[in-house]
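In what follows, a single structure is set out as structure tokens and then discussed.
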Amino acid sequence: MSGLDVQLGPLALKNPLVAVSGTFGFGFDYEPILPPDLFGAVIVKGTSLVPWPGNPPPRLMETPAGMLNAIGLENPGVDVFLRDYLPLLRERGVMVIANVVGRTMSEYVAVSERLSDADGIAALELNISCPNVKAGGMAFGTSVRDSEALVARVRQVTSLPILVKLSPNVSDIGAIARAVEAAGADVISLINTVLGMAIDVHKRAPILGNVFGGLSGPAIRPIALRCIWQVYQSVSLPILGMGGVSDSEDVLAFMMAGASAVGIGTALFADPYAPRKILEALPGDRDRLTEGRWPIGWAHPKGGCR
Amino acid sequence: MLAGSLQFDQYEGVLLRNTPDGDSFRLDIEVKSDAFWPKAGQFLQVKINPNALDPLLHRPLSVSDFDAKAGILTLRIRPVGRGTRHLVTRNPGSRIGFFGPLGEGFPLEQAGSSPWIIAGGIGAAPMVFLARALAERGIRVRTLVGAARAADLVAVEALKRFSQDVVIWTEDASAGSQGVVTAGLAQIDEMQDERPSVLYACGPVGMLKTLEATVLDTIPVFASLEAHMACGVGACLGCAVGVRTPGGAPNYARVCREGPVFPLREVVLS
Amino acid sequence: MSGLDVQLGPLALKNPLVAVSGTFGFGFDYEPILPPDLFGAVIVKGTSLVPWPGNPPPRLMETPAGMLNAIGLENPGVDVFLRDYLPLLRERGVMVIANVVGRTMSEYVAVSERLSDADGIAALELNISCPNVKAGGMAFGTSVRDSEALVARVRQVTSLPILVKLSPNVSDIGAIARAVEAAGADVISLINTVLGMAIDVHKRAPILGNVFGGLSGPAIRPIALRCIWQVYQSVSLPILGMGGVSDSEDVLAFMMAGASAVGIGTALFADPYAPRKILEALPGDRDRLTEGRWPIGWAHPKGGCR
Amino acid sequence: MLAGSLQFDQYEGVLLRNTPDGDSFRLDIEVKSDAFWPKAGQFLQVKINPNALDPLLHRPLSVSDFDAKAGILTLRIRPVGRGTRHLVTRNPGSRIGFFGPLGEGFPLEQAGSSPWIIAGGIGAAPMVFLARALAERGIRVRTLVGAARAADLVAVEALKRFSQDVVIWTEDASAGSQGVVTAGLAQIDEMQDERPSVLYACGPVGMLKTLEATVLDTIPVFASLEAHMACGVGACLGCAVGVRTPGGAPNYARVCREGPVFPLREVVLS
């Protein structure tokens, strides 16, 4: 232990830095410089019941201090994940969180069941907030009732801790958080990408094959902090915060806003060494800025919701 | 998407020379590291501005040449947007950060007896390193290069150094023959001994589509493709290119990982 | 006429570039380099019935490719606007759009009435989307019913064209747009700022005096384009698009997404000459990219909503 | 907030020299324009990176000195964050874009017979130009400068050039007297002829608060304040500072427009 261990609800992470879903594949693509066991936990790419091909290209566009993606949850399906990747991750002692996607509630439930039977998965993250698929995905995450129902159904089929990943593309994120808390979620993860788009003025058409895409990276950091703050004020569940995190002060800022652990995604693309730099700087920054303690929720006024 | 065997790392080179070359620039960069060992057809993810969050992403650029003895990496860059424009204005002495090498290179083992290189515009960039690699294996290569006009031709001298012969095409006939670089391939069916064993191609999509339409039935073509990239290492699935499937169901490969070089026959150009 | 004239619903603008509310004061602060009559229209700072002091400082924070503001609609009140600024603007032949704010519906109505009696105001922009005031503001703009009621009430007291400015901080911006269209709005303006926040890790507290602030600038451009696209698909009203516009290609991209005219705000802070550069580049770019025509809605598939 | 009379424009200067000075850097910039005519206490909005959207905003920096004959603008910059760090690493020859001059300067007409300048840390920056302006009007000024330690003192030589005398305070006594720069003011009530007619102050909020607590009843203080800025010209209302109102109701002034120099008595420091 590096002394950086932190508790994310039921999960004991060796450090608070989590590789978020979709930017770290199934854990091994950055291996030469970022082994998966570097992180407190690795959340693998969204996984569905059967293989999904994803959206037609182009799937990416850079934007000011951010990027749009419309991958469309391409993934080889839960069986391939369990067969080809999970054993390798388990071997390396990685804390694996599986990111679950589906087109219907039953699909979410079926994937969750399959994953729960497997050995070596620490928790499920229900992705009810992906803006890049036509059915399911964000549709659930923007409705209080659907979010609640989905979490309740998954709760019945798994004893694994459930993280529920929320969308920032809603009028009242606190209401969604309360609903999933009531339905039995263990941790709230946020934020997923912000719905956006880009236009190609030469082609006079949307750039992305899917028209819309999800905005991520430093550009959305202020939105992520705000959502974390709001959810921290709305529920008592622990929060996995993410959205534009780039350096070790960001990690502490996200914690002060209410996150117990902090995810990193797009920043890898800007600097693949960012996670190493963060983990190197974090002990010193924590000593300097927060007397060596994890400052979870410290920016909230005393006597707030918690 | 299986666990990778790629070996890449982050490097910082020092720019030695920045030389205009056709409509592009040749950047010679000293890389002091024994670990950096690229193959022909691989690319690098180059950082534009290490101190700003914009532009955020790296830019994929081919290894245009690598002189392993001297430790000198050559990039050839056509300034088309913000990132490339920034790079080609760097002064000697400045540091250029990148990570790589990435992707699968050109399959040299499939060269056969008389491989041809065909390059349109800045597509000539990776072909210098390819021609060098073939030459070092004693394989003689014929190289076809094309551009709109003579002044836009890239890397001709370097290609001449490593190729048996270099055939030049320009659209305005200001150098070589008049026409697009694929013009000469129309008669390929009538060619006898001269016929290429394989075509290594890099250039605009239009050029690749012409190859698809003209020679694909007769000659294997290995084409280096382009796609917008975020990670460059296979993690984000952003650089998808359609691949042919038996039933025509959509399926994708990653340009950064399974590519950037693909058998042209297997991909769906868009 | 520069040949750049464009119709924004009932308003005939001499060019499509509009100074948005809150970044151009009452029109004269940038005077030495940007006279107010440079723009197709000038939307003045949000104006209330009585003077509002605004929020305690700090009110600003730079963020990646953007900024947060929590001005809190400081303004001298409608009477001072009418007395001190409107005559000067009228003298200069500026097309003036007044931005209306209130804490209650009655306040919106009262301000709108006062403005309608004055001479030299081309239109009203109802700001139902400001994230920086506790009551009113965004509260209206996130509720379909309240938005509709507010616009309907203002519609009764004014014959001026009504622009309604929408918030991106909602689950379904199309629904709000349809409601305000039904209530009699003439133009939809969007987007207002995206709700965000920043944390000071040294002080372990939110940076802004108001905790939350509104995110603006290039960082939010993809969100603005998406909202414009969605509203264009939802209603047949003309759209005044804004959010991160920085150069002349942005103007054309916003038009392709569905805007009839385009606002510029935060980009002034990054380059006060940006409006001049845009107006110089626009004729050439329009010739080069769109055969000299305004490409309003061109990026939408044919046979869409319009 | 009435229609403005300010005259500002955008300029591009060429960096002539970049010299370390205390914990800061002195940048001498050639500005070739007859229109640029700043007053003491005014500031500029300086662009950090003209080719990137990040950092987005300009940075407010005081005119530390301006040699009108030579057309040389001097900035004194303490590197505290991304923007200032970037500026102080610029090499001679590079171009520095800014717009201004902005804000209201120091009220020279209120100097009286024996004005004092009091500057903490980088607060010395605008005071050089102020001392020059007073000197040019034949007004003799006493200048108090303070810093944590001798090595951090900024602009001392320049201040000496234009001041009648310069009194130095350092917290560790490594130069001048030991203490904070306001330490000597404790006895101000007992001073007779020596007593300042007015205090021109620039420095950390703590220093200004000490002035507020100690001398404000006796001596007028004009303080240059700092605030985060977006526009710098009065349009955005972002740089608010609280101002005192009869009933204590909240009310604000703009540091960029009504300031940056305010009668200390009128503002509410936060």
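The first chain written gets the first letter, and so on, giving A, B, C and D; residue counts start at 1 in each chain.
Note that in this section a contact is a pair of C-beta atoms (placed from the backbone, for glycine too) under 8 Å apart; a residue touches a chain by one contact, two chains touch by 3 or more.
Nothing here was measured: the structure is a model prediction, and the numbers come from that model.
With every chain reduced to the mean of its CA atoms, the largest distance from subunit A is reached by D.
Averaged C-alpha coordinates give centres for subunit A and subunit B that are 36 Å from one another.
Taking each chain's centre as the average of its CA atoms, subunit B and subunit D sit 55 Å apart. Centre-to-centre separation of subunit A and subunit D, using mean CA positions: 46 Å.
Residue positions 64-66, 217-218 of subunit A are each in touch with at least two other chains. The set of subunit D residues that touch two or more partner chains comprises 53-55. Chain contact topology: the protein chains form a complete graph, every chain touching every other one. Of all residues in subunit D, only 49, 51-55, 82, 86 touch subunit B in the complex they form. Remark: subunit A residues 64-65, 218 touch subunit D in the complex.
Listed in rising order, the residues of subunit A touching subunit B in the complex are 22-33, 45, 53-54, 56-62, 64-67, 69, 71, 74, 76, 84-85, 88, 217-218, 246, 266, 268-273.
Of all residues in subunit C, only 63-66, 68, 142, 169-172, 194-199, 201-202, 204-206, 211-213, 215, 217-223, 225-226, 229, 244, 249, 252-253, 256-257, 289-290, 295, 298-299 touch subunit A in the complex they form. Of all the residues in subunit B, the ones that touch subunit A in their complex are 1-4, 6-10, 47, 53-58, 99, 227-242, 249-252, 257, 270.
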